[in-house]
Amino acid sequence: MGVQLSPRKLLTIICEASLEEAIAADLLQSGGHGYTITDARGSGTHGRRDAIWPASANIRIEILCAEEAALDILARLQESYYANFGMVSFLSDVLVLRPEKF
Amino acid sequence: MPFEPVILFFILGLLAGIIRSDLKIPGVLYESISIFLLLAIGLKGGIELAKVPVASLAGPALIVVLVAAIIPFLAFAVLHNVGRLARADAASIAAHYGSVSVVTFAVAASYLLRLDESYEGYMVVFLVLLEFPALVLGVILARRAGGDTRWGHLLHEVFSGKSIVLLVGGLLIGWIAGADGIKPLDLLFMDLFKGMLAFFLLEMGLVVASRLADLRRAGFFLIGFAVLMPVFAGGLGVVTANVIGLSVGGAAMLATLYASASYIAAPAAMRIAIPEANPALSIGAALGITFPFNLVIGIPLYYWMAVSFEGAF
Amino acid sequence: MPFEPVILFFILGLLAGIIRSDLKIPGVLYESISIFLLLAIGLKGGIELAKVPVASLAGPALIVVLVAAIIPFLAFAVLHNVGRLARADAASIAAHYGSVSVVTFAVAASYLLRLDESYEGYMVVFLVLLEFPALVLGVILARRAGGDTRWGHLLHEVFSGKSIVLLVGGLLIGWIAGADGIKPLDLLFMDLFKGMLAFFLLEMGLVVASRLADLRRAGFFLIGFAVLMPVFAGGLGVVTANVIGLSVGGAAMLATLYASASYIAAPAAMRIAIPEANPALSIGAALGITFPFNLVIGIPLYYWMAVSFEGAF
Amino acid sequence: MGVQLSPRKLLTIICEASLEEAIAADLLQSGGHGYTITDARGSGTHGRRDAIWPASANIRIEILCAEEAALDILARLQESYYANFGMVSFLSDVLVLRPEKF
Amino acid sequence: MGVQLSPRKLLTIICEASLEEAIAADLLQSGGHGYTITDARGSGTHGRRDAIWPASANIRIEILCAEEAALDILARLQESYYANFGMVSFLSDVLVLRPEKF
Amino acid sequence: MPFEPVILFFILGLLAGIIRSDLKIPGVLYESISIFLLLAIGLKGGIELAKVPVASLAGPALIVVLVAAIIPFLAFAVLHNVGRLARADAASIAAHYGSVSVVTFAVAASYLLRLDESYEGYMVVFLVLLEFPALVLGVILARRAGGDTRWGHLLHEVFSGKSIVLLVGGLLIGWIAGADGIKPLDLLFMDLFKGMLAFFLLEMGLVVASRLADLRRAGFFLIGFAVLMPVFAGGLGVVTANVIGLSVGGAAMLATLYASASYIAAPAAMRIAIPEANPALSIGAALGITFPFNLVIGIPLYYWMAVSFEGAF
């Protein structure tokens, strides 16, 4: 097998687009090495967010990292944003190449 | 017609949203046109600014800004003390009403143009100056009970916000380049302005339709506030305009500025600066009630007030 | 040139797609320009409508719509009985051909303008009226064998579809505001129309190039249908136009409407209303064959038919 | 550890963009509490869908929910859309905060 | 239960948008049956990629397939692109309907 | 003003980026406007081309292209041998500088227009011809050490690239349709051109601001190269222009073409053709230094060189 895979965690955060800069800054502070963002819309307890104008747009952030870092980021998010913002996060198991990168 | 035809596009968007049409204006188009409108208004103001001695505006501008500060304080008192809204919500809504709506300003300008009523071109300078102080006041009001505001962060947020950057940037470019330097750009930024505004109003109609549900949450008190506050602020604007000696058109424009509530700069800034405030309330009131009210009833009313008040002397 | 220069943009897009250029027109631009075109055509029609007594149009409009109903019925019969297409596919394609293409209409208008051939401005009213009945007929044809159509749902889908909303909305705004009220918007909606159309045709060229593979699946029968059906429908349009007394230009426009196949409203409505129909067939025929055929050959042909037929009396 | 994680399912659906309204309505009827949508393009047995115009655009829908709800939604999708539409769905295991939300 | 689920792998690739055509071609050559792409932005060892112009845009590609195919694709990616391009991939376990499709 | 006012939009974008404003121009708008600019420039050139006998251009065009080949070879030698950059990096940067920047060309055209200095309209043909040879040369330089270039693939990449397709396509449409055929499109493609350019420069300012960090990685040698290379190439352009007998305006335009570095076609082509080259270096130099340098200093300098050189005879 030509590829060496190692387990890591994938943390996905779905939240209001207005948090993009703040969360990106938080992630780098928490020692994250990278993240990926896509634009999203959706629906949840805060109602429908249809992304037809900036105030109703969501983003979807993914962070590949070690379990510890993922839990650390989750704890920070919970503390800083969960009370006041539309936000959903989930953690899953993935296999990666080059584990030292994450 | 008693109102500006361009408003019909707003109504079309609103109806399309209400009947749940699949008409969707891409979010990117919303952003692109809002950038266009802000820049164009800035440019227009800058060209006008080049025609007057800037120093002579300092006094009037100071008065306009100081008087405008009454609006968020009063709004906060009414909402928090009378309406029993939470401090954060009252402060955030106060900031929206203390700041200004660029699109309402543009529709008022169209309205006056149709009536051949001229106004002071440097009005855009007031627009810029009125945009941000209320945002800062809102945060002060929200934090009076304590709490930790990262002020450096907030001020950066406000002054580097896209509205301010485009308005001030346009103003400076217009001022530096002057009418001649800008002439090759007139077709885009001046002549197409109204068409773009029509398109934007179509989008705003769709947005407002999608926020109508918020109004139920808002309750009667807030709905009343969203109609009476602009009328009061409009009156204040007419009086202030007469104090600093503006024309009738200028008085109607200042009244519109005072009466309008921000929904581009304020929602973005307040979401970060006062996160515990519920945006459904502030946006529901500012965009769901005050914005359409101003388009259809407010602007003609403020103009009538401006005409009557001048006639009163 | 025997054809409208604006078609060259379509050809450019088509070639770019065929050579697999990395030229990609963002989907958002496609949507934005289609909104623009629909709204602009509606506005133009509304202004013209304001010039004629609306009641006088009722009779001709009824005839135009009734005769047009021949098209989907005939198309269905040919496709299902002669061509052995499945009921759903035949019905969906019939709906596409019974409805109309707004862009083809716009290119025909350009074509006549270049020839200085005028036509009845209220033609847009026919465009609007022809857009949706065929969609409903298509569903009826598909469901004759039974099946459960949620009619309320379908009618909502059709009447709240963005094409209808923008065309009718534009029509009403133009009608209410009149030529004077719309004048400040002319630069965007009238003068820029043809440039926007050129851009849109560039995009349509790319889209058609990406659907060419569908044509192979379509087979010769469908390709023949996609050429002959519009020619027949165009002839029907010329005759009908003469019955209701339209000018030569009006006859060419009505022929184009009858001959054109929808690819904005119909694909969206049919995908939901007749899901078992294969969209590759209907879009392949309507967009891959009939649309370019009409642009290059059809429009000049229908005009020639309109001129000849009038000369025949 | 400051965060309490509970297992849930993540159901991801990739389908034609024209189904957005219909599926969103279905989800709320199936008792779903929320969903997230992003715009997508792709390729599959129905050919290439390059999203250059509405008829060739895809969407990607994510629903966080309990296993039962996920299977229920999948069954409905299979019944209503699989025969006639380009559609792919998959289910994965995730950990979430605030499990009562999903 | 009305649905029959089978295990498959989901391979997710995040990379520079300029690779879209090349990777799409590779995937079909590796015997892949389909893929889904969304536009993305992000940050990693190659710095911030904010997608404000084509040269700084990312894409996110998902491929549902059997384990073997996934490892095969990963090996090819590693060989062709890892040295010179900003790229991150990860593999996860999912359940699908109609397993023969992937 | 010594410089083109439209540059002020670039500076506004740059400042907005540097103060980390939340002003973001949607990527889709960037793409849409770049498509517009390429197509408009092509059309304008095609109309001009229709006015001259094409055969008479063959000789001058050949000279222009051959002389231009000096630029990538020289650039490569300096970067690889003097600057010790890796072969791939040197070759990729050489390709960027050997190719041309369409926006720089457009700003130079604006600059000359303001000075009432006319130039040969078929200059756009040179723009097209200069766009791609350097891209091919760059790959040859990169591969001299061996390595497997899929040439068919590369040539397809270059010739089907959106810049070439839109420029050549526009050129052909303009040429076929002629000034008359294009007239209804003038409003969009000609009159709005400068406004669109202003908008695009605003975006470019934001993009450049986001690449400033790359410059640190680039180092002083590359920064010096990014200033001196265009000045040398500009001089070469003025000389060549005089050899083939262009006007003063034409000489300034050719100098600008030679001096400008590509950042639309080249980055896309080089990323695929020379993947081991670091794009931060080539884009940092071409866009971070040379592009602003040309806008503010280069264009007036090349014009001055063109005027002086002519005066020298």
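We just call them A, B, C, D, E and F in the order they show up, numbering each chain from 1.
Going forward, a contact is a pair of C-beta atoms (placed from the backbone, for glycine too) under 8 Å apart; a residue touches a chain by one contact, two chains touch by 3 or more.
Bear in mind the structure is a predicted one, so any value in this text is a computation, not a measurement.
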Task: Required minimum of steps from subunit B to subunit D, each step between chains that touch - done: 2
Task: Mutual neighbours - chains that touch subunit E and subunit F alike - done: none
Task: Type of subunit A:subunit E copy interface by residue overlap (half), same or different - done: different
- [ ] Would you mind checking which chain's C-alpha centre is most distant from the centre of subunit D?
- [x] F
Open item on the list: So, comparing C-alpha centroids, which chain is the farthest one from subunit A?
Closed with: C
Open item on the list: When contacts are scored as defined above, which chain pair ends up with more C-beta pairs, C-D or D-E?
Closed with: D-E
Task: Mean-CA-position distance for subunit B and subunit A (Å) - done: 35
Open item on the list: On a C-alpha centroid basis, what's the spacing between subunit A and subunit F, in Å?
Closed with: 40
Open item on the list: At least two partner chains per residue is the criterion; list those residues in subunit A.
Closed with: 38-39, 92-93
Task: Touching two or more other chains - residues of subunit F - done: 22, 24-25, 28, 31, 187, 192, 268
TODO: Give the pairs of chains that touch; include all such pairs.
DONE: A-B, A-D, A-E, B-C, B-F, C-D, C-F, D-E, E-F
Open item on the list: Which stretch or stretches of subunit D touch subunit C in the complex?
Closed with: 16, 18, 22, 47-48, 50-57, 81, 83-85
Task: subunit C contact footprint on subunit F (complex, rising order) - done: 28, 31-32, 35-36, 39, 156-157, 160-162, 165-166, 169, 172-173, 176-177, 181-182, 184-185, 187-189, 192, 268
- [ ] Would you mind writing out the residues of subunit E in touch with subunit A in their complex?
- [x] 12, 14, 38-45, 58, 60, 71, 74-75, 78-79, 82, 88-93
Task: subunit C residues touching subunit F - in the complex, by the definition given at the top - done: 1, 5-6, 8-9, 12, 15-16, 19-26, 28-29, 110, 187, 191-192, 194-196, 198-199, 202
Open item on the list: Quick check: in the complex, which residue numbers of subunit D touch subunit A?
Closed with: 1-3, 5, 8, 10, 24, 28, 33-39, 62, 64, 92-98, 101
